[in-house]
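For reference, chains read A, B, C and D in written order, and residue numbers begin at 1 within each chain.
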């Protein structure tokens, strides 16, 4: 499997999922004089839209970065990547649930499990690459591996904590998801380099 | 972040949003003898479709032009670009509202705010590039900067005026949006060059 | 505007429209013992799906061929192309109407007008290229021009005839659309070359 | 027709179909205390989603592999490829039926026929390439042909068997589809190469 074609295919799926999210934000069908109130009631759905958009954007950036470490895609990486896309493509479903049943346990737990499965698949891809270094580029150095290992484990643990908390205080889980998204976005921006051409 | 991959991803999102708009134009479910009347009642929705299609097409052309001035994408430009795509992807929602509640204040104001947020994000990207010229290409000359600065400010002010007018005369706001779209399209066509090979 | 990026964007829109068509084929919600009958009642919708899929596929092939004659995209070609995409993207709407109100006048006439507008826009692009030969490639020879001119005029006239007939005998219009689609597909296959490497 | 552009267009259609599948997994609209039960009732729809996602992913991998054997796309291969995309794009329809009417004959038979038509079109493309070797790359060796011939015939026969069994025991057909999907995925992973750089 050609690496560039797999990247292009994955980019297509990411671009489609991120854009399809808006289809879940259904316009209200009320008389006009109730419209403002109906739109206000949609704020949870709109927040779920924004959170999911940023999270999928973040996974896309991560996917791009991960692929800079892959020199050759073998059959295992190919199918792990398709399974990763399966979990990414599923995200609109719990996102819609969160909009329909705001601040409740079930949608938050399903959302968290979905994120955990996506992140866990990325983690397995990373571990597989560690054990099959002939598939990796020279950029996949010991230092990079250590940073990624720490990140994957931290993020997975935080997702598990957020899922467990979700059974008791779903709103706190949501705050954890949002804070994690913002932290990871800021971190990804810093890693990409800020205000100057990054050295290669 | 590779600039070409960010452009390809953005192009994908633009192409998907612009095509998804048609899903908002729902066919009527009336007996056949009422179909002509039902289709006539859909003219506002179809007009909102055409306006939004042209506006997204215009933003795509602008995005393409803006990227000819970017040599290197740093972490800030990357995430500003994702936020810009977030606002572009959101446009089908107010477009649908305008079709469902034609010529009323709320949809027109939401639509205007959405356009303002998208254009404002583009403006911030432009300002950021101005302050970080090491990320820009040589084509990003003082003359280009002055033209873009004037355009962004003018468009933003016109959007704000259209939003304010929308509270009193939403139909006039719609006319402003349509006239702005046509003017910007004609201007983008002229800038791209007409009837002859543009010099490089 | 870079020609390759406009082609890639157009390809994206074509690929999305052609795939979105399936969303218009809604599954029935009847008790299971009525399912076979309900699926049989969907045959017009499925036929509209197949016809529209092949027509959009055909327009994509035509678009590809047309772009082999374009060396440089100026502002007019850019926006004519976006307007062409607007009409292509609109096709799912009359296709859905045809599935919902099979063999009736209004959907057939709307479908025909939509095809005429798409083909007419392609015709205007062709005429514009004829008058601005500096934008064309050497492949845009006098012979190619004559063939294209004949094709555009013939197809446009046949669409107009099919629309007029649609007011009296919509089923005959449908047969004309289907026969035209098959003829144009066979012709495009022959033009592309069959069974041997085409000379360049 | 340029081979790369046809591949890119096909990739786009595959990426869109695979991502659109989630739109068929509709969230329930019940009071919150029934949500868990409603989600449990959705397990067949979610299983149909996963099965279809993996199958389309598999067809995408197969399509990629098939195109490594095609040097030149003539008019017949072009239109056979578009017809293949037609059948792939249709898959969400029977997948949705399977979710709505789980473990019943009609959806399983329609699903099997759809898979058979897609695989049969691929088979015709393969036979056409065998008879027009001037369109093939040197990689399309006698050994490759024999392997592909066996695979196509085996898969087609298994689909036919699964369809026939579907009239009596639809659940067994589903098991056959799932086992075939997993076997073909494992085989495609092995063929792509595992754990080492594949020789070229």
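To be clear about the criterion, contacts are C-beta pairs under 8 Å (C-beta built on N, C-alpha and C of every residue); 3 or more make two chains touch, one makes a residue touch a chain.
This structure is a prediction, so every number in the text was calculated from the model and none was measured.
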So which chains count as neighbours of both chain B and chain C? none
Any chance you could name the chains that touch chain A and chain B both? none
Homomeric contact chain A-chain D: same or different residue positions, threshold half: different
Per the centroid of Cα atoms for each chain, what is the distance between chain A and chain C, given in Å? 37
Could you give the separation in Å between the centres of chain C and chain D, each centre being the mean of its C-alpha atoms? 26
Can you list the chain B residues in contact with two or more other chains? 8, 12, 16, 20, 23
Drawing the touching chains as a network, do you get a line, a ring, a star, a complete graph or other? ring
Of all residues in chain C, which touch chain D in the complex? 7-8, 11-12, 14-16, 18-23, 25, 27, 29, 32, 35-36, 39, 49-50, 53-54, 57, 60-61, 64, 185, 188-198
Report the residues of chain D in contact with chain C in the complex, numbered from low to high. 1-2, 5, 8-9, 12-13, 16-17, 20, 23, 71-76, 78-79, 82, 85-86, 89-90, 92-93, 96-97, 100-101, 104, 106, 110, 132, 134-135
